[in-house]
Structure formats: C-alpha cells, structure tokens
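Each of the next two complexes has chain A plus one more chain, namely chain B in the first and chain C in the second.
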Partner chain A sequence: MKFRCERDVLDRALSVASRAAATRGALLQVLGGIHLQLEGDCLLVTGSDRNLTVRVTCQVGGQEDGEAVLPAKLAADIAHALDSGQVEVTVGDNEASLSSGRSNFSLRTLVPDEFPRFELPAGDEVTLSASGVAAALDQVVGAASGDDSRPILTGVLLAAEEDGLRFVATDSYRLAMRDLPGTSILSRDQTVLVPSRALEVVGRLLGDVDELTICLGEREAVFTVGDVQIVTSLIVGEYPNYRGLIPDDHPNSLIVERDDMLDALRRVRLLATDNTPVRLEMSSDGLQLKAITQDIGQASETVDANYDGEDLTVAFNPTYLIAGLEVCPDEELRLETCDALKPAVIRGVEDSDFLYLLMPVRVS
Partner chain B sequence: MRLVIARCTVDYDGRLTAHLPEAVRLLMVKADGCVAIHADGGAYKPLNWMNAPNTLTEADDDGVHTWRVSNPKGETLTITLHEVLSDTAHEMGVDPGLQKDGVEAHLQELLAGDPSFLGEGLSLVRREYPTEIGPVDLLCRDADGHTVAIEIKRRGEIDGVEQLTRYLDFLNRDELLAPVRGLFVAQEIRPQAKVLADDRDIGCVEVDYDELRGIESTTPRLF
Partner chain C sequence: MSSAGSSDTAAPSAEGAASILHVDMDAFFASVELVRRPELRGRPVLVGGTGERGVVAAASYEARVYGIHSAMSSVVARRLCPDAVFLPGDHAHYGEVSRRVMAIFRRFTPLVEPLSLDEAFLDVSGSVALLGTPLEQATEIRRIVSTEEGLGCSVGVAPNKYLAKLASEQAKPRVGERGPEAGVGVLVVRSGEVGGFLERLPVSAIWGVGPRTDERLQRLGIRTVGKLAEVPEHTLVELFGEVLGRHLWRLARGIDDRPVDPAQSVKSVSHEETFAVDRTGREDLHHELVRQSNAVAGRLRAGGIAGRTVTLKVRFVDFTTVTRSHTRVDPTDVAAEIVETAGELLDGLDPTPGVRLLGVGVSGLQDASVRQLRFEDLDTRTRRQAERTVDEIRKRFGKEIIGPGSAFSSSDEPRPDAGSRPWGPDNISQGHEGHEGHEGREGREGA
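Let's turn to the complex of A and B:
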C-alpha cells in the first residue's frame, strides 16, 4: 500500500478513528490499532474495539492499493507531530513508513486479518439537523455514568415522545434530560440505549456539519457525520424509571442569572475540598453560597436572586451542580426544591426542553 | 533452587545472539530446570533466561568454569564464570500458588453466607468444590434442586468465563450433579465476557461489594 496526502488529512483521520481503538488491556492486540484500506484514491481509516467502530473516509493520492493496521496512538501522535505538508505512507510486509519533509518514521504493523470486519447494520436512515442534536448531546452526555459496573447507566436513553425525541442520561446522582420537539427517529414508545462513549465521538464531530444521519438496527446504531461513520453496539437492559424521579410540584423556586451563580460557585468551591458540598442558603433576601472545609477554612458569597418559598438550605456536590448550570440553555435559570433531601430540578426560565435533576447531599 | 553469585559473561545463541559482558550477577537454577540471570536491580524480569525443559552441563576448560544450558529448540546459553562469590542451594518445596486478593476472597465468603443475593432460592452445597482441574468457588442448588456452579471474580474478564466453562465441563460429567449450570459473578463484568458467557448459557451477576457488606453509601442517590 502506498499513498500521499496532506498532513492535516491524515492527522484528522487518525485522531478521529483512534477514539474507537482499544486502550491497554485489549483482548486482541490488533484492536489497539488503526486499520487503513486504500482503493484507488479512497482511503478508509478505521478504529474499533468491537463495541464501537469509527471509520473515516478520505481522499488521498493513491499509488498502490492495500491494507494495513498501524498502532493507533503512535500513528496518530506521529501524524499530529509532523510539519504541515505532504506525507507519504508506504506499507511493506511487516512495516509501515511515514515520511514528510525531513522526518521519517517506520512502524511495525499489526496483522490486518485479525481486525474486525466493518459491517453496517440494516435499518432505515433518518437525517437530522446537526445543531439540535449537538446541543442535546452537549447537555446530556456528561451526566451518563463512567462506571462500567452499571452498564445501563453508561448509556444515553433515546426515547420517542409524543412531540419529538428525548435524550436522558444519569449516573444515579444527577440526571440530564433534553427534548428535541419535532424530531422523530423512533417508532411510538420505542427507546434505545446508546453508549455515551459513542455519542461523545458523535458530538465532537457535529460542529463541522449541518446534518447527521442515524440508522438504528436491532443491536447496533450507525451515526454518519460528514465523512465519518460511527457504529456502536446498543446497550441492552431496562433503563431506570426516570419519570418517577421528577417531582410533579416544587414549593420552592429560585430564579437566578446563570453566569452570576456559576462565577460565584466556582469561587466558593475553592473551599469545598475533600468531597465537601456547597450549601445554598435560600431566603427572601436571595441566595448565599457557602463552603466549609474543616481545618482548612470557609467561603461564602451572596448572589442576587428571586426566591419564592420557605427559607431553606440545600447542599450539593459542587461538581455536579456546576455541570448542570453549565449546560442550562437560558441566561436565567430556575432552581426548584422540595426540601433539603429531595431531588432538586434545574431548568431554564424560558426553555422548557431541558431539565437537570440533582440529588442533594446530607449535611449536619 | 540453586543460587550462584558470580562474576560472569553470558552468551545466548538461538533466535538471535546476545552477549552480557563480564559483571557480577545472580544465577538462578530452579528445580524445574529454568535458568535465569539477574542483575542487582529491577523487579520485573531477568537479563536473560532459558525456560524448562533444559539441559545444564558444567565444564572446566583451561581453568575457566562454564555452564552450557541447551534446550530442544537448539537454543544455547553459555555462562562463563570467572569468579564464584557464592553458591548455595535450597529445597523450597511445592509452591501454594497465588492467593486470591482480599476483596475476591471476601466476596466469596459473603456470597457463601447468603447465596440468595445471586438468585432467589439458591442454597450453598459447598465452598471451593473440588474438580479435577481445581476448585470451583461455590457449588449451590437452585429452588428446583438443580446444581449451579458459581465462579467469583473482582473484575469479570473473559478468562474467568473460560475458567468456569472448564469447571462446568468436568462437573457435568458427574451424573450426580448434572445438569450443572454456571453463574459468573463479579463486581464488574466486561462486555466481552458477558457476550461469551451468554453464548455459553452462563448467567452473569454483578454484585455491589459495599451492599453485600451492608455499607450504605454516604452520598444519596436518585435511585
């Protein structure tokens, strides 16, 4: 196999595809590699750990067709480190060389026959506006769990709602939910659970395109974003009954400027070390944030806010609270609480399509 | 185990050639015939080694003492001992093998105490039930009286499923126990291990160590 292309083309293709390559401890060594396949001027660059596959299609100056598997991280690092300009890639029996300007690298290749075959599941394709999905993923994916011991929670639930598509993610401490009205990719009452890792890859690519295509198979989903195809296994299992967690009514409601609260929180949390929560003291006077870490010190700051309800102090994990505020779509947000122990709801004052549910932390 | 500390040079000839220049090194000759040459540093692997089966012959040529280690593949390791500083041998007996880590052993103990965590109606027959290839962690009966073999790991990987498959193969040869179904239990089971287990009709259960110990998380959860 032999081809030439711009450094930027190879750099992007390898960096995108390598997000699916297996990291240390892979079952097969070849899964830690990137598969390159050249036919004419079309180069297919694929990374896969079997559960997630990312394929980038790019145009290069092909000279000799062929296929090879290169160690993913090393190849991506090399392509990224090269100077801008033309790169020539030549693959022999067991070795690949990457040359650009005065730089020459040779890499031992892995066995291409052992690399998983790229297969697209059958299913109907639906094309969606990239901006809406990008916003939804940005707001929701971060709330999914990274703990593989509860695989269900590592996924993002896509659910058909009467007026559109709903995205839900939770790690059991907080829950993010976003509705996309008028968007339909599922049949009535259908739900699918997509690994958040796959949606992270999708989300990163959506800034460069106007639309994306989704194809849902029985066990897999394919997201096509420009010249990149992301194939992911779906998670099988019953998602927690998230609807039952969202309280119907909240007696206490705080309305506050999102950026003012975020800035104050980031300052106050400096004194919330060792998993110390941040306390929100809400009264008719407004909002006071307070953090106390024993033997270290304390911080407090008042924030202008309108509060309707009983005087109440609620404590939250500051990381989760900040994460929720950061993805809240409005400049003004509403924090709704029942008491100091029941889940609180954060949503935009104007935007009713986003909701962030957060469990308080007990404090003495 | 024979331990020799000697000023030596070492030459390996086989798939490639390698030379260790003269220096003081530890030479280990294990009971099974393995020979390993260590420097005074590093904990991971020897500078050079030859796995059993090996033949070790010692010779004196012109006052120079040499060891020649050869194996059936035609590889040779020639160790020239210029000065022997210490030469001792110790009878070490049979090694008991690697002990399970604390969490894994404790998981087994907790689940043996109450197998119903893994399924309603499960009752313990025996912990460490012996088979010809090693003991299976728990042998239980389910509510219908059928035998269930349970393998417990801290992290559920494919290796664990393979191990349980081998136990099941042996246990199912016992007419008094068969049919025996398998249950693979871990705090966390990798997706590939689940697929393999599913393919072999082996059940998978993920358990919460803290919950088994009766420890409640200090951070409240939504569910």
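Let's turn to the complex of A and C:
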C-alpha cells in the first residue's frame, strides 16, 4: 500500500478513528490499532474495539492498493506532530513508513486478519438536523455514568415521545433529559440505549456539518456524520423508570439568572474541597451559597433570586450542580425543590424541552 | 536533636522536648478477657482461633512463659502448653474496650493517633502546662487505664513517634526465668539520650527492617543500631537504594519527623478468616464473603464511615496470597454493595486449588454523614435501610439473631456473624474451657 496526502487529512482521520481504538489492556492487540484500506484514491481509516467502530473515508493520492493496521496512538501522534504539507505513507510486509519533509518514521505494523470486519447493519436511515442533535447531546451525554459495573447507566436512552425524540442519561445521582420535538427516528414507544462513548464521538463531529443520518438496527446503530461513520453496539437491558423520579409537585421554586449563579458557585466551591457540598440557603431574601470545609475555612455569597416557598437549605455536589446549570438553555432558570432529601429540578424559565434532576447531598 | 515533629513548638519541658507518647496495651485481648473472667488470672490464657488452623491473636504473659506468642499457630501453642485456656476472640467487645481506652487518651490531648485497637501515639506537648510533664501524664494515663478498665499498658516517651514506640517496647513486662516480670511501665528517652538508647538495640528493632534487610545487615557485620549509625549515608544508599538507604540512615540517628495525626486513625476496616477445611467451591466462598461483608459493613456503619475501595484477600493452600482491589464510584457502608464488588473480584480467581483464608476489607474511608444521595435512596426499601434495621435488631437482641439469608449455607451450620472469629474457626471437638460452643460468645456470662 502506498499513498500521499496532506498532513491535515491524515491527522484528522487518524485522530477521529483512534477514538474507537481499544486502549490498554485490550484482549486482542490488533484492537489497539488503526486499520487502513486503500482502493484507488479512496482511503478508509478505521478504529474499532468491537463495541464501537469509527470509520473515516478520505481522498488521497493513491499509488498502490492494500491494507495495514498501525498502532493507533502512535500513528495519530506522529501524524499530528508532522509539519503541514505532503505526507507519504508506504506499507511493506510488516513495516509502515510515514515521511514528510525531512521527517521519516517507520512503524512495525499489526496483523490485519484479526481486525474486526466493518459491517453496516440493515435498517432505515433517518436524516436529522445536526444543530438540534448537537445541542441535545451536549446537554445529556455528560450525565451518563462512567462506571462500567452498571452498564445500563453508561448509555443514553433514545425514546420516541408523542411529538418527537427524547434523550435521557443518568448516573443515578443526576439525570439530564432533552426533547427534540418534531424529530422521529423511532417507532411508537420504541427505545434504544446507545453507549455514551459513541455519542461523545458523534457530538464532537457535529460542529462541522448541517445534518447527520441515523440508522437503527437490531443490535447496532450507525451514525453518519459527513465522511465519518460511527457504528456502535446497543446496550441491552431495561432502563430505570426515569419518569417516576421526576416529582409532580414542587412546593418551592427559585428563579435566578443562570450566569450569576454559575459565577457565584464557581467562587464558593473553592472552599468545598474533598466531598464537601455547597449549601443553597433559600429564603424570601433570595439565595445564599455556602461552603464549609472543616479545618480549611468557609465561603458564602448571596445571589439575587426570586424565591417562592418555605425557608429551605439543600446541599449539592458543586460539580454536578455546575454541570447542570452550564447546559441549561435559558439565561434565566428555575430550580424547584421539595425538601433537603428529594431531587431538585432545574430547567430554563422559557424552555420546556430540557430538564436536569439532581439528588442532594445529605448532611447530618 | 530537634526532630521531634510537632513538639518542636512545645515549651521546653523536663523531658527535653520528649513529648510524644506511644501507649501500648499489655497483652490486650487476653487482658480484656481476664477482666471478664477474673477466675482465670494467673493461668496461661490464649485468645484466637482454637481450631486446627487457627492462630494465636494474643497470649497472656503467663502463656508467654511457655514460648507462646501472637501469630503462632494454635496447634503449636497447644503443644507448648496443653493446659492453656483457649478463648475464641470477641472482636466487638475488644473494639468497645478499645474505644473507652482511646477516650481516656483524649482526656490528655486531642492529638491521638490510634495504630490499632491496642496502641496509639499521643502528642502531649500542648498539655504540659495544664497537666504536667509528659512523664507525669504517662504515669497518670497508666493509673487511669488501670483503675477504670483494669488493664495494664506500657508507655514510651520520646521526641518522636519512632523512638516512643521503641521506648514503650523496652518498658513492657517481660518473661523471665521465674515467670512474668513487671516492666518499668514508662520509659522516657530525652533528646540527649537518643544515641545511647539506640546504640545497643538490634538492627531488627528499626521500623521497616524485616527479616530480609536484617539478614543483609547481619552479613555486613552490622548487628546493632549503633553500628549502623557509623555507616555513611551514601554507602547505605548504594547498598539499599535511595529510599531504604536514607530511611536506615535517618532512623539509625533517631530522626523521624512524622507528626501525630489524629485523622490517620482508621485507614481500613476488614475481616478475614482461616477456614477449618480448605474451600474449593465458588458458592461456598460466596457465602463466606457475604458473612464477612456484613461484619465489615456493620462496623463501618457503627463508626459512621464509608469507603470506596473494596479489597479481597485470598490465601491458597500453598500459602500464596493474592489481594485484589476495586475502587467504587462512591463510598459504601452497605454489605450488599461490598459483596457485589468483592464478588466480582472473587469471580476473577480460581478457587479449585483450595482456599485457606478469605478476607474482605474496605478502605479509602470518609465521613459517612455527608453522602451524595442517589435516586435509589428515594425508595425507602433500599438495601442500606434494610441493613440499618438489622443493625438495630442486633443491638437490641444480640448478633446471632439475624443475618442475611445467603450467609447460611447447607454445608455449614448457621453463623451469620463473621466478626466473631476473625482468627480462624474454633475447634468444637476439644473441650477446653471457654470455647465449648461454635459462636464465639459462649461462656462469657460468667465474667
């Protein structure tokens, strides 16, 4: 195999595809590699850990067809470090060389036979506007769990709602939910559970395109974003009953400027070290934030707010609270509470498509 | 020598800045038993696993006359002294007594760093003006522990933790030719006396010198700490590497600047058990795991702490020991969660060669009173709630009244409380006084 291309083309293809490559401890060494396949001027760059496959299609100056697997991180790092300009890639029996200007690298290749075959599942393709999906992913994916011992929660639930598509993610401490009205990719009452890792890759690509297509198979989903295809296995299992978590009734409601509260939170949290929560003291006077860490010190700040309800203090993990406020769509937000042990609901005052549910920190 | 940690700032005292105390209870478990059973006083008493595979957890000084010491196999101990009274351990009770003893220490200073149930470091530099010299405080501590708890302890007073611990060792009761002999009780090593105190001690007395390092030092002709102090630092670094070399050089001079840290009090809560018969079945081991996890979780909740890291310890028949840890996303004090994590670790091991010992522990501890709630907590029938209820029931009706169903196995008699026999199973067939039963609690009523 032999081809030439611009460094930027190779750099991007390798960095995008390597997000799917297995990191350390892979069962099969070849899964830590990037598969290159050249046919004419079309180069397919694929990373895969079996559960997630990312394939980038790019145009290069092809000279000799062939395939090879390069160690993913190393190849991506090399392409990224090279000066911009032409790169020539040549692959021999068990060695690949990358040359650009005065730089020459040769790399031992991996055996391509064991690399997973790229197969697209059968199913109907649906085209969606990239901006809506990008916003939804941005708001929701971060709330999914990173704990592999509860695989269900590492996924983002895509559910058909009456008038659109719903995204839900929770790590059991907080839950983020976003509706995309007028969007339908699922049949009535259908749900799929997509690994958040795959959606992170998708989300990062959406800035460069106007639309994307989604194809849902039985066990897999394919996202096509421009010249990148993301194939992911779906998570099997029953998602927790998230609807039951959302309280119907909130006796206490706080309305506050989002950025004012964010700024204050970021200051006060400086004194909330380790596992110390930030306390929200809500009264008719407004909102006071407080952090007290034993043997370290304390911080407090008042924030202008409209509060309707009985005097109440609720403590939250500042990281989770900030994460929720940051993705809240309106400039003004409403924080609704029941008591110090029940989840708080955060949403935009105008927007009704987004909701962030956060469990407090119990302080006894 | 001015390496006395936090005592540097202390007002000069008669002890020459020696204001770190190491208090070590004398034959703690055995002595606690003797308080409950005064009729056994003067007899050789052993606490520990009484079965074929058990180990001695504590031996009274009368038992030590026979050459018995803790960590010795119970079988060997019995051979050395067939008349010894073997008592199963009662960890819960020792913990209770330990808490009271530590509370006595805290009357003298808030800077108490417990090392285990039966020893602690105290920094009394702040209480000299109020309560007297460190020597006077040490003497008073011994008096109070003796009158309030009926227990003996030995105290080392020195400019730092390392020297204080060495000093308490020298102050302890001994076993002489004619039986147990009282020790000095309190030994003070003042700054000016450090060289002379260390000089004659064997190198094995140095903290961190195990059998291996000891052997290497012996081969180099270095037998005493005094001899070691003559070796230049760079030579020790060449011989033992950067870390150990420097460590040896410093300790040979009595230098130790670790402060007494009360926050270091507990680093982990664990339980382990040596089986009477090697276990090979996964299911069998899982039952054991459930029992031990319940004991660990109960102790965590009693202490108001929770931890993120769950560690499983397995010793196979050939004595190879593996430990595996997993750090959970959030801290736990719930047995079901400990079982969940430790169970996964156990699944990764092959028990078929035969498992001799199983242990489970939780570390990475933090205050459980501050807890990030989960959506699951909205359901009042959570596992944590259930276990808390069990805690309550046990408190009122006794430990053996209730336990998790999976802690019972058909191949075994029911004994839900794993905490009662952390040093190996009791031998039911041998009719020695004090362990006629199998639950580790019988015979105590006579105390």
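One rule holds for everything that comes next: the second predicted complex is superposed on the first by the 363 of 364 C-alpha atoms of A that agree within 3 Å, B and C clash if a C-alpha of one lies under 4 Å from a C-alpha of the other, contacts with A are read in each partner's own complex, and residues count from 1 in each chain.
Everything below uses one rule, namely that a residue touches a chain if its C-beta (ideal position, glycine included) is under 8 Å from a C-beta of that chain, and two chains touch if they have at least 3 such contacts.
This one's a predicted model, so the numbers in the text were calculated from it and none came from an experiment.
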Clash or fit, chain B versus chain C on superposed chain A: clash
Chain B versus chain C as contact partner of A:50, first or second or both or neither: first
First (chain B), second (chain C), both or neither touched by A:151: first
Partner chain in contact with A:191 - chain B first, chain C second, else both or neither: neither
Contacts of A:103 with chain B and chain C, given as first, second, both or neither: neither
Partner chain in contact with A:276 - chain B first, chain C second, else both or neither: second
Which superposed partner A:361 touches (first chain B, second chain C, both, neither): both
Which superposed partner A:317 touches (first chain B, second chain C, both, neither): both
Superposed model, chain C segment overlapping chain B, candidates 149-157, 239-247 or 329-337: 329-337
Doubly contacted residues of chain A, that is, touched by chain B and again by chain C: 147, 149, 170, 172-173, 175, 240, 245, 275, 317, 341, 343, 359-362
Chain C-touching residues of chain A, taken from the complex the two chains share: 145-147, 149, 170-173, 175, 240, 245, 274-277, 317, 341-343, 359-364
Interfacial residue positions of chain C with respect to chain A in the complex: 328-329, 340-341, 344, 366-367, 369-378
List of chain B residues in touch with chain A within their complex: 158, 187-188, 190-192, 206, 208, 218-223
Chain A - residues contacting chain B, complex: 27, 50-51, 147-151, 170, 172-175, 233, 240-241, 245, 275, 317, 341, 343, 357, 359-362
